[in-house]
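Labels for the chains are A, B, C, D and E, by order of writing; each one numbers its residues from 1.
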Amino acid sequence: MRWGLVNAVMLIGLVAFPFWALAADEPFMITLATRAVILALAAVGLNIALGWGGLVSLGHAAFFGIGGYAMGILASHAQGYTPLMEWPFLIEGTKSMPVIWLVAVLASALAALGIGMLSLRTTGVYFIMITLAFGQMLYYFAISWTAYGGEDGVSIYVRNGFPGLNTLVPVEFYGLCLGVLLGVLALNAAVIHSPFGLALNAARQSPDRVRTVGLDPRRLQLAAFVLSGAITGLAGALFADLNRFVSPSMLSWQMSGEIMIFVILGGTARLFGPVVGAVVFVALEHSLGGLSEYWHVFLGALLLLIVLFARGGLIGLVAGRGGGS
Amino acid sequence: MTVLAAHGLVKSFGALRASDGVSLDLRAGEIHAVIGPNGAGKSTLIAQLCGSLIPDSGTVEAFGADVTALSVPARARLGLARTFQISALAMEDTVLANALLGALGARGSAWRFFRPVMRDKALRETAEDALERVGLADAATTRTADLSHGQRRQLEVAIALTMAPKAFVMDEPMAGLGAEGSKTLTAFLDGLRAEAPILLVEHDMDAVFALADRISVLVAGRIIATGTTAEIRANTDVRRAYLGEDA
Amino acid sequence: ETKVGMITTLSGGGAGLGIDVRDGFLLAIEQSGRDDIEVIVEDDQRKPDIAVQLADRMIQSDRVDVMTGIIFSNLAMAVVPSATAQGLFYLSPNAGPSALAGKGCHPNYFNVAWQNDNLHEAAGAYANGAKYENTFILAPNYPAGKDALTGFKRFFEGDPAGELYTKLGQKDYAAEIAQIRASGADSVFFFLPGGMGISFLKQYADSGLDLPVIGPAFSFDQGILQAVGEAALGVVNTSQWNKDLDNATNAAFVESFAAKYDRLPSLYASQGFDTANLLLSALEVADPDDADAFRTALEAADFSSTRGDFAFGPNHHPVQDIYVRRVIKEGDVYTNEIIGVALENHSDAYAADCTY
Amino acid sequence: MTLDETSPMPLALLAEQVLNGLQFGVMLFLMAAGLTLIFGVMGLINLAHGSLYMIGAFAAASVAGATGSFLLALVAAMTAAAVAGALVELVVIRRLYARDHLDQVLATFALILIFSEGTRWVFGSFPLYLDIPDMLSGPVTLPGGIEYPRYRLALIGIGLTVALGLGLLITRTRLGIRIRAGENDREMIAALGVDISRLYTIVFALGAALAGLAGALVGAIQSVQVGMGEPVLILAFVVIVIGGIGSIKGALVGAILVGLTDTLGGIFLPSLFRLFLDPSSAANAGASLASMAIYILMAAVLIWRPTGLFGARG
Amino acid sequence: MTLLSLEAVTAAYGPAQALFGVDLTVAEGEVVALMGRNGMGKTTTVRAICRLIAAQGRLQFDGQDLTALPAHRAARLGIGLVPEGRRCFRDLTVAENLAAAARPGDWDARRVEALFPPLAERRRQRAGSLSGGEQQMLAIGRALTTNPRLLILDEATEGLAPLVRVQIWEAIARLRAESGMAILLIDKSLREIAAIADRAILLERGRSVWSGPMDALSVDLTTRYIGV
């Protein structure tokens, strides 16, 4: 099928890209690609809630930011040789990515559980807005959280380490992020074809039906929301590591909006939709930036043309509608 | 033996008493039809029996236990299968996927994240059997939204079948079916009562008189009569309030 | 050939500041007549992650020698530590967060504008001179806002009648103004950059309250004054620069800037101009490839500043006079005149914490 | 502080603050009314509503600058925003009614980019000047000795008048009936012979005009600058969600609730924290919580009533 | 005189074709029944006439080409639709439902209320809170207030209790008798249709397969195409 072809092309492109960049002596292109891959990961996370779960969350920056702060807090303590907490038991900071990832995933999953339990009482636009509300609460909290820099955020000077890799080398860090993305995509593919995926899909379309066969749609959706939040949280940790910096802007509603734009732009409920969306958006941002001081106008116009003429997102445009997941 | 029963159900929407002390029971092996004018509270009664509405007072009993406090899924897991007055289906999915959902529900859990559902033989068999029985086997890979109205009603029944329930509750399964469709479905339901009793809400009097072992007449939230087909046909109140035939 | 990477805010709400810094900077480069300096200008959209990305690009692909341009403290915090850690020089034309002045200072980081607290400290000092005893103070609830009130209180000898942190980006100050009225304060100090300050001043002027107001230059600068209009007339503010500062460099700068861009230069333009001149002066002596020599050349600050005397303290932040200005109307244009000096040869409070 | 920890807030000050909250709420209502109308009638999530607010303010500032008349400026603001709104509806939105909500989100997000940077292109990067008209400047003394800005009183008056007018329009006129009918079933109203496209353009332009009016009115006491619309947009969304989407009454109640919460929260929360924290930490903690207050309000309302105070639909 | 005429009309929902060639005419003052089993395209034909779905072929109303018109213009030519599923404006009151699309003519809210007395008693009640039968009456009344020359009734008795059905059929008969309005009728109950319709058209898989006077409709045809 054509969408299968699109996925394959994307995959090959992502893997081959750094080789091209190295050959063309464009090292920054690798960093840019890393950014795209990480944002894609965040969007893949959102897509699970939004695309398959039908949960349009405008608060995913919360998880992105929590992941980011997990990295910022742990690494800044490790960097300053100050313990994270001494009572009731001693917790030290760390500069090890695997540990940071674990913390980021757990923390954002926990947050998603709490936010999800309350938000899932509502549906539709109300759900959009209540998730936004929780996102904004965390945003304002982070702004005034002086212990970790408030609006200025937390800087770490050197990227964290991953066993067996030199993360300071752009290609190696790119490879690591791509690995994570592909792993998560594989997980995503498995989940949507699993019994859980089937039930989640039905819960989006007809919660009453799901209920009458003896399943609880809200619990299915909550599980999807938690999974989604955890993945976006992981992306947040990587993003913070890419920038060696975390600040409340990672928690802002604009960030939530951008992640959502990636998903819609690429095509909702398509495995590679968010990846296409993020890659295209980052590429546009990069290539239009030099065009004019007012390049946002052109970005806007392009996006507008895409929505008007590409039903079902860019993947839909290329691969045709229907089929999909 | 009583399979499902309502005891003195009261449910108000604001000033309107949609159920005003409704008591009724469904016995093993029977089809019990509930008829009554539009807005009499039939769907409201079904919603309370299945758990999607909580009664203001009164109790619901299923399979010998008080289930008034149980949720819809919990009652479904006990063996209560419902079809909707307005089809509630996963429209973007295939017909088979909808049936698989029922089978999944019957199994009691959807918490499996990795094994592709299509490769689960047991599930597929249950689902395909049910489709076969209602005559939808050929449409298994059709998108549900592309089904005709009548086929959707058949799918509703098929999903109920996948659950191998101990009682069916059906809200106007014939609505919108043409004469032919009604005849087929009537014959099918006739056979189904051997598997599990059916509480049937229906306006199609031909079907009701052909199928029902007992009939209850609900008017303005109250049961005004319960009896055999012959008794109801003869009841002048019913004729005046509902059938519109000269008494 | 020297490559300079300028990351600054050119789009969105804060764009006016970045544009002025850029224009001032480029004016100085142009006037130097040197064609071996390439300035790469990029828009950070006021987003930290974009700023970091641009910095990465400039370092990795463009291989710049010196970076500059950032307007906002939070963006500076995102870019500067990692850029200097990679051996680049960073010359700040505006933001001066305390974290980079004290413990987090770096030998390759130079601030050509001020440490964030400076203008607020000067306002505190001015308040003493004006015999204010219970000034009401307010600022947005974010690190620069807290630095502002801390800076003010560091020098203010009276007892603030009230201390308020407002929401970042807030535009309606009716509630705060009512509190000021009720507090019995004898004056008001506020730090509300950008649109927040415009809103506050207009609403304050309309409220009928006539307590004297002081603030740092940011809310009274050239780019913004026209939008505040009459409400700003007579307000006293503190600044290290004004267009009427009496020195030859400044006179030439003001004239050439106005001639080239057809508007009066702002504080930010002067800072951009000075930053470029500092860079040019160091390039005369050494090459950035020779980091130690280049650093020494920068430390000497051997350039003529639009502010008159200019020197770096031990933490590479300015030691300079800070003036008191008043908003006046010249013809149709609102602008400032200098009415005195608030602090002479002022450095910052964090220098002692800085060890390289 | 003269407002020391133990003495209660003077009644006059409290009254003044309540007025402030009311005024803020009433302005939010102007934004929210258009948004809720557009959402309710067309099912459209219009993120570009904030841009229309900005367009109103810029149009007002330009016209006030050129003519010196505030009244003309208001007319210009409403006209410019209505025209922009109608254009947007005709050129873009019209093609998206049949689509997913999410496509509308993406399209209107793109419109924000175009409008914001386009405005900067035309008007430059510096804020514009727009001031209160002389007639309405300065304070008046209200009963109880409260000195209150005349302009803000006028805002409350204008806002409530618009609310009343809009309420009558929606409930009493044929246009209003058709708008609500379109909300229920847009295909059906067309099948009965009502030109739904024109109705939508009118509603969109009406919503836009209200946003433009709000932008101009608020622009006179705030800054007229690029990007001014988005923070208000978010607040307007909060308002309509609290009130219940599609309900004008809900928008009014929601707006006033949000206005009061925001204003009074900023005052009382720091005082509350002062009971058990030192003044500086109290100011800090209070300010932090105050900035979250309306979001907490919204979350609480939705958890309690998942479709807002007056909403029926999800 | 022919009011409505369709020739070789086709239509599709996205990729799925639903009409393959429908021919149909309704003359002024005539009552025509459109019949066929479930999913044969009756509602789709109605949607094509009302311009709610894009259709190809020749569609004319009163000599005017319908295919170029948007839905509201078609309606204004004098087509009044009572849709499948009633679709009253549920948040509007009865009176507002009757006002929403009213156009000047003989039929106003008063006359509708005279035809359906239950509506008069519920003028201020939300349509959504009416019983099914009352909603059906409202849907018919709403179409009448547009003063149509052709009234289209799609399943006007579906899901109604027998007593209410009788009332609806009586009203339709009165309409025909009193105002001589042309009516295009879709319904499942052959007996009632037979009593009122002049002509019938049978649909089978999106095609019109038979058309003729009501009394020429043989048992053979009805078993074949309707299933009774």
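The rule we apply is simple: a residue touches a chain if its C-beta (ideal position, glycine included) is under 8 Å from a C-beta of that chain, and two chains touch if they have at least 3 such contacts.
Just so we're clear, the structure is a prediction, and the values are computed from it rather than from any experiment.
**Student:** Name, by label, each chain that touches both members of the pair subunit B and subunit E.
**Tutor:** Under the touch definition, subunit B and subunit E have no mutual neighbours whatsoever.
**Student:** Quick one: point me to the chain whose Cα centre is farthest from that of subunit B.
**Tutor:** Max centre-to-centre separation from subunit B belongs to C.
**Student:** Farthest chain from subunit E, going by mean C-alpha coordinates, please.
**Tutor:** Looking at centroid distances, C is the chain farthest away.
**Student:** Counting C-beta pairs in contact, which comes out ahead: C-D or D-E?
**Tutor:** Between C-D and D-E, contacts are more numerous in C-D.
**Student:** Using mean C-alpha positions as chain centres, tell me how far subunit A is from subunit B in Å, no decimals.
**Tutor:** Going by mean C-alpha positions, subunit A sits 43 Å from subunit B.
**Student:** Please report how many Å separate the Cα centroid of subunit A from that of subunit D, as a whole number.
**Tutor:** 31
**Student:** With centres defined as the mean C-alpha position, give me the subunit A-subunit E separation in Å.
**Tutor:** Spacing between the chain centres: roughly 52 Å.
**Student:** Between subunit B and subunit C, what's the gap in Å when you average each chain's C-alpha atoms?
**Tutor:** Distance between chain centres: 73 Å.
**Student:** Which residues belonging to subunit B are in contact with no fewer than two other chains?
**Tutor:** none
**Student:** Quick one: which residues in subunit A touch 2 or more of the other chains?
**Tutor:** 140, 143-144, 146, 294-296
**Student:** Any chance you could list the residues of subunit E touching two or more other chains?
**Tutor:** There are none in subunit E.
**Student:** Every pair of chains that touch: which are they?
**Tutor:** Once each pair is checked, the touching ones are A-B, A-C, A-D, B-E, C-D, D-E.
**Student:** Applying the document's contact rule, which stretches of subunit D touch subunit E when the two form their complex?
**Tutor:** On the subunit D side, the touching residues are 174, 177-178, 180-181, 183-185, 187-197, 312.
**Student:** Residue numbers of subunit A touching subunit D in their complex, please.
**Tutor:** These residues of subunit A touch subunit D: 50, 56, 118, 121-126, 128-130, 132-134, 136-137, 140-141, 143-144, 146, 253, 257, 260-261, 264-265, 268, 294-297, 299-304, 306-308, 311.
**Student:** Can you list the subunit D residues touching subunit A in their complex?
**Tutor:** 39, 45, 92, 95-96, 99-103, 105-107, 109-114, 116-118, 120-121, 234, 237-238, 241, 245, 284, 287-288, 291-292, 295-296, 298-299, 302-303, 306-308, 311, 313-314
**Student:** Which residues, counting only subunit E, touch subunit D once they are in their complex?
**Tutor:** The contact residues of subunit E facing subunit D are 50, 52, 70-72, 75-76, 80-81, 83, 87, 89-92, 96-97, 99-101, 103, 142-143, 146.
**Student:** What part of subunit C is in contact with subunit A in the complex they form?
**Tutor:** 10-11, 42-43, 47-49, 52-53, 56-57, 60-62, 73-74, 77-78, 81-82, 85, 97, 99, 141-144, 146, 167-168
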